[in-house]
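Take a look at this one; I'll ask things after.
As written, the chains take the letters A, B, C and D, and residue 1 is the first residue of each chain.
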Amino acid sequence: MINLKEECGVAGVIIHDPAPPTNIVAFKLYYALYALQHRGQDSTGIVVFDGSKPRSIKRMGLVSEAYSRDTLQDIVGYVGVGHVRNATYGTQTIENCQPFVLNFKGGTIAISHNGNLVNSTELRDELESEGRIFTTALDAEIIGLLLVKELLKQEPVDALKSVMKRIIGSYALTIMINGDLYAVRDPIGNKPICYGEIEGGYAAVSESVALDTIKGKLVRDLMPGEIIVFKKTGEVESIMTTDSSFAAHCVFEYIYLARPDSIIDGQLVYSARERIGNELAREHPAAADIISPVPDSGIAAAIGYSRESGTKYLEGLMKNRYIGRTFILPHQEMREMAVRLKMNTIGENLKDKSVVLVDDSVVRGTTSRRIIDMIKDAGAKEVHLRVASPPIVGPCYLGIDMPTRAELIATHKTIEGICAAVNADTIGYLSADGLVKAIGIDKSKLCLGCITESYPVPIPGEKCYCDKQCKMDDFVPEGEKKEE
Amino acid sequence: MINLKEECGVAGVIIHDPAPPTNIVAFKLYYALYALQHRGQDSTGIVVFDGSKPRSIKRMGLVSEAYSRDTLQDIVGYVGVGHVRNATYGTQTIENCQPFVLNFKGGTIAISHNGNLVNSTELRDELESEGRIFTTALDAEIIGLLLVKELLKQEPVDALKSVMKRIIGSYALTIMINGDLYAVRDPIGNKPICYGEIEGGYAAVSESVALDTIKGKLVRDLMPGEIIVFKKTGEVESIMTTDSSFAAHCVFEYIYLARPDSIIDGQLVYSARERIGNELAREHPAAADIISPVPDSGIAAAIGYSRESGTKYLEGLMKNRYIGRTFILPHQEMREMAVRLKMNTIGENLKDKSVVLVDDSVVRGTTSRRIIDMIKDAGAKEVHLRVASPPIVGPCYLGIDMPTRAELIATHKTIEGICAAVNADTIGYLSADGLVKAIGIDKSKLCLGCITESYPVPIPGEKCYCDKQCKMDDFVPEGEKKEE
Amino acid sequence: MINLKEECGVAGVIIHDPAPPTNIVAFKLYYALYALQHRGQDSTGIVVFDGSKPRSIKRMGLVSEAYSRDTLQDIVGYVGVGHVRNATYGTQTIENCQPFVLNFKGGTIAISHNGNLVNSTELRDELESEGRIFTTALDAEIIGLLLVKELLKQEPVDALKSVMKRIIGSYALTIMINGDLYAVRDPIGNKPICYGEIEGGYAAVSESVALDTIKGKLVRDLMPGEIIVFKKTGEVESIMTTDSSFAAHCVFEYIYLARPDSIIDGQLVYSARERIGNELAREHPAAADIISPVPDSGIAAAIGYSRESGTKYLEGLMKNRYIGRTFILPHQEMREMAVRLKMNTIGENLKDKSVVLVDDSVVRGTTSRRIIDMIKDAGAKEVHLRVASPPIVGPCYLGIDMPTRAELIATHKTIEGICAAVNADTIGYLSADGLVKAIGIDKSKLCLGCITESYPVPIPGEKCYCDKQCKMDDFVPEGEKKEE
Amino acid sequence: MINLKEECGVAGVIIHDPAPPTNIVAFKLYYALYALQHRGQDSTGIVVFDGSKPRSIKRMGLVSEAYSRDTLQDIVGYVGVGHVRNATYGTQTIENCQPFVLNFKGGTIAISHNGNLVNSTELRDELESEGRIFTTALDAEIIGLLLVKELLKQEPVDALKSVMKRIIGSYALTIMINGDLYAVRDPIGNKPICYGEIEGGYAAVSESVALDTIKGKLVRDLMPGEIIVFKKTGEVESIMTTDSSFAAHCVFEYIYLARPDSIIDGQLVYSARERIGNELAREHPAAADIISPVPDSGIAAAIGYSRESGTKYLEGLMKNRYIGRTFILPHQEMREMAVRLKMNTIGENLKDKSVVLVDDSVVRGTTSRRIIDMIKDAGAKEVHLRVASPPIVGPCYLGIDMPTRAELIATHKTIEGICAAVNADTIGYLSADGLVKAIGIDKSKLCLGCITESYPVPIPGEKCYCDKQCKMDDFVPEGEKKEE
């Protein structure tokens, strides 16, 4: 499938100045993954390498459930990669748990991937035509197979470069090849990945919070198309695979996916959300008594809206901090209870108030409707929905979990229609320009595909604005598959 | 031990207008306990009764882990009680998991208790002297044994009244006696408990959020010393066991324990915390760039401080929402990682800023120190600690998890000493009067024992201000044990 | 209920010559319980005592599942008791997991009980009338409550004597009272219990195999009505509570319950079963090609039959050694598969053969029918069923898991009728006299209640032959229950 | 490694006359694997196919632990394969859990393999040289990769034939290729595999007991080198890939591995073991009081010995039927307890007796020594060890779990030396000719490698007697791997 939803977190740790092989790498990966848990809750894995053989732990579920002190202590090694995964329905099996580990003629490779390849079907067909097999549904396996083919011909960096010419889409990768660590970012810089210094070594992670957690010091984000090699000897080498300044950073990281305390492509997510709130207040002011967020992703934007508008910030919804797996009876009352369990209204804060409700986005509209109904049930006089993103009209092909076009409310309703559908008194969406301005990155370096329906990579049936920068033809050259 | 720390949540549900015995009661208890999870994470239990026999589930751990759809579906009954428990170290065993269930001559009783009896040792000795045995470390077992003695002599309400004359301390109880549900609150109203209407019946719970979750409608808090009977026939009867207007509601529910969306004794916790922040700003203003909370318990107070002071509210700390069990290596670096995992700084929001940090309380001072160090490491210029409660100088004997007097930093350091110890630039504690004013309940109706060292119940070695209202002599009359 | 089925195993271990408190006691109990696993598979528990506080592990399931190295290592103490339980349906809950532990005025008691009290209802009523409560469905709780009442008046041995005057039925007990270990056997010696020396101490266990396993040396069986005290100082004291030579050892221990390698009341179970086979061959010879057992309980009897008859012993049925929990689809074919999974025929050994099939007993007849059908399906020409016990016509009130009288095939069918019902060509039951002779214990010292319908203790509605030896009146003295 | 120990069980089930896709196939595989549990206890898996996609369950541990009713019900399909595995130390990870499932250009393949390839290193190198990768340590992955290469060129049967020309060693395979089921046996027939009819379809399994369990009817063993195709249409086709009558059935299946109720290559294992006992009695008679087996594998041979010798059969050792995982303290006494836990002596049967002890084999001699010591401790006067196999002097390269040559006691001690080392009074090994005669299969069709050190397949450094029949050159064509 071309649009697998794969919100994931990746991490890689290498220690070049250690005592003899130790489990410190495994523990640092464990803490880093814990900090990236919001990027994937379905499965997790850690693989470490001690110079001779890989040791791994893979499990379905949360980081807190998957690892034990005992199992972590057993996996010693000076380098390793880890992964958390939020899987598309139907692929949540132990086989699809990353990192993907393979042995080949040249040794051992472990790959953690965040992103989605848009030409995975073609690559899979091509590899299968060569008689190769697949044991998982992962893009990481495609990348692994391509990489091995190249590694038989050239050095790791050149091999990675060749692979990057073949794969189209989004990818932030941490890869362990025979004891060296590689961090790789796709040429459009769609998925975030940064690296930092840690005690005696380096770490590369999806978000800077993971560095904070393991007492690392953020050095910088990887550049679009950059490969960084962290050698077992302690050397660090950067290789740029593209001379283009083109980028297409995912705006949804800022809107809702990333943790607010992360710095992504130089922008603190929290600040970007505050500025989104400022913009939203300017674009869509409302005479109201309070500004209230949909927690947690709407909090910073609501604070920003409140500050800009001068209307008081007051929480009207409270999230239950202990929600794990819940189950419900097939019964309407039970379903409503399950919603209330996750988010409750603070009645007194809402009663007889005119409320500006700040939410990060409106996708299908069903959640917004449910929340606004709850707020009105709690006695709010008016609800003015302010959305911290423009209307979502295109699906995401690069890994963000979004529904099909038909399910997106903004594809088949007017703004007024949406307002009525979600039971708001007024609705205001942030403009695309407002969003871009708030994020603080030039529009030419952002992916706005879900908003503009124009994508940075070639997708069959969709508009592409990447012709100059990332021509499909560059990636899959005419003659290339001939001889295979 | 006289001061067991027993932060717990209780719930009781009865349905008088149901179809034949159903598992709806078990599911409602499950949702109610989920909403009360913040009151206890060590163990949980549900007992339901179908008119003939009790069925129960008890497990160590969180609500999300303890129950499954299958086990809940199996426990049918029209009435039941549930419990979540935060246990004192050493008592976290399956035997001490509540509700406490007993069978006696007159039938079946299940008891859920939140609170701490200060005369438990005496009562235990007395009961043991009669040849009675204990199979748990629970006050609920003491209550159960006393109750059974009385039930052999009188009707349930009178029996409960007699028991209430014997037990001193804090208790919010939901009790199932032979198919009727009883909610009981101690005569000083120390622990919160309220009740509401639900579809076809009633529920009594520690906090109103649990009613919200099960789509109940809050009727009111129980009065100090009140017993409410919810009969299987649908009748509801209130019995007042004290004519005194004395009360001693725990202020720590408002300061940090209760959920902000709960209404306790008529006060929305969120609003009380906001007003605490207002007061704090008035009492201890600070020239600063931002007001920042220690999440989550400091958020509403920080918002209040910000609004009163006019200084901007900006979050400088971010909590990891996915923290479950973690484990650490015996290694200094690992311990610091474990702290960072739970709470991270948002560097850009703090850098070069003068920060007013609003925390709910300072107990030992160690956590405050660690947080302020982190904030200064993140580049804050100044940290002005503003504490949403007065200095804690007395232990709690009524169930709040607090250390011994010797461990309380305010018992052996001056305010200046504390300021230096926690590495703050200035420190400001809310005054007791300010706290009382903010909560909005008359001082004579609040327990301020930990702040004033004067307690509402007689504690050996401590001052008591309860002489008129709750004389120890009333409870354990000289002659009383004679005839037994 | 008067006839709870409680096949259990008990163990007690005390070490008087140890290093400081150690976990060796916990580990020895663990191994002893492993050896007694055949006596109970539903739950298990171990409690050890270090002189100040008890530490326990209790879990549903098998010994292999319930304990871990970590949990066992944590429970240190020099004395302890353990239990495995095979529970009556509906009582398989964690609350009913033994040992039953209680705290009372005089300290801590832990009780492991194998057996069934026939006056439990009366005792429960009596205790409840005194205002006492029950938190379990266990006879051990009744025993504990009675014991505590006496311990407040007299020394442990006298207290135990007094309790033994009150309880009627079967009981083998290992009891820890404040750091001393007591082993107790009911006055009719119905349930087995023996003791032996172990390194640095003593152990008392249900069957001698448990001593073998922990490298103990069997000293002897307890006598009916004997109490043996194993003091923490190393002294061992025996107290006889009855001067009668009356006994009623359960014959079913020899027929099927006990392990063949155990010695019970001086008789090796294996040898008793062999002699049963000899007798059976003499009483019910058959012209056949082979003698084949129903494994495992029929093996020794079949060997005995073969040797006596001179007909060759050849296994026709094979048990699957790996059967744990299985589950089946609600589907006839599946049910048959589940049977085959547990026991398979060895076709070639049966084909065209005339088979003497030796089974330990015929209860409902359904299992026999199923097995004989399988054997005939496998091609056997004739099946001559030889049963290693007389027809079962009475229920067991002393703890053996047997159905109600109505379900016992021998209560409503003639021998010929049973033969037809189970599809055998001929059937031969061992005579009661043959059984007694084979066991090698005088008939006056055996309980044959299920065979003769005459019981060694008074059961309402049943004949009793115990008048002289264990008058109900002795146990429940005239005046004692008057006032209730 | 050339001599991985891979004792495994395989199963395949196809139903051609079903209702729409059903979970009956999954349940039949589950029952079949339960019956084959003795062949592998480390991990298990089931894969079923419904015509479009495979669904699988894989878990570490026993069949009783790995599957639940829920998980089995979810995997519907009309065809499937299953596996139980006994893994070499270090390879017990979830990745190595079979069946091995792969997707390739032509669809989906699932492979269950029992056996060991002796040229796996060469094949792995060859495949890696082509740039292929390995994600497991399994021979099944090698077979899968070779098979896919061939399937791109030819039809499944021809592809399998080509693969069989490349792989050398032992293999019994059940393979699902795109909805058809294939059963394959290596050209020397080393590993057992048979097939039978089941309701509406067919099953192929390692041992006939698995057919018995699922109510199947054994048709016959596969011939050496045979492929049988079970088509989704119900057709069954046999393809012989060798015209040689050469075979090398593993004798250890008869000696100890297979279940006694299985029929392998036409011989009932139970009968073979009885005849082994007869032979042993003739070759090594002993004047003794009793003949006693080491359970369970020595039972049938002991019965045979007893019958032939006329000396009475009496069990002197008893196995604990409940042994699961056990753990021991690092303590000598504990280790002895762990041994006793598994096997106990029946003292009375041994005391003052002269015992013929019949064991299946003597490998290192340590277990024999421990058992004989126990028997002598129990009071046996003399122990005459009779071994149901010849001295083991060569390692197994075909998958039986045996130690290195240096660890085999018979490689460095004389018969007298062994007798002394194991503390026996006399020792008698069955002769190779006696073994062959007892099994009832011509010597030219048995693998006696571990006894004769002459192997049926070429092993570097070992003698091979296969030159005519299975020339290495046939398998690894001239030009392909010159240098090896």
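Simple rule for what comes next: a residue touches a chain if its C-beta (ideal position, glycine included) is under 8 Å from a C-beta of that chain, and two chains touch if they have at least 3 such contacts.
What you see is a predicted model, and the numbers here were worked out from it, not measured in a lab.
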Chain B and chain A - chains in contact with each: none
Partition of the remaining chains by touching, absent chain A: one piece
Interface composition of copies chain C and chain D: same or different, split at half: same
Euclidean distance of C-alpha centroids - chain B vs chain D, Å: 61
Chain C and chain D, separation of their C-alpha mean positions in angstrom: 38
Whole-Å gap separating chain A and chain D, where each centre is the average of the chain's CA atoms: 48
All pairs of touching chains, each written as two labels joined by a dash: A-B, A-D, B-C, C-D
Residue numbers on chain B that touch chain C, as the complex places them: 56, 58, 93-95, 100-105, 125, 128-129, 131-135, 144-145, 148-149, 152
Residues on chain D engaged by chain C in the complex (per definition of touch): 23-24, 27-28, 31, 34-35, 37-38, 41, 62-65, 68-69, 199, 209, 212-215, 259-261, 263, 268, 270-271, 296, 299-300, 303, 307, 312-315, 318, 320-327, 329, 333-334, 336-338, 340-341, 344-349
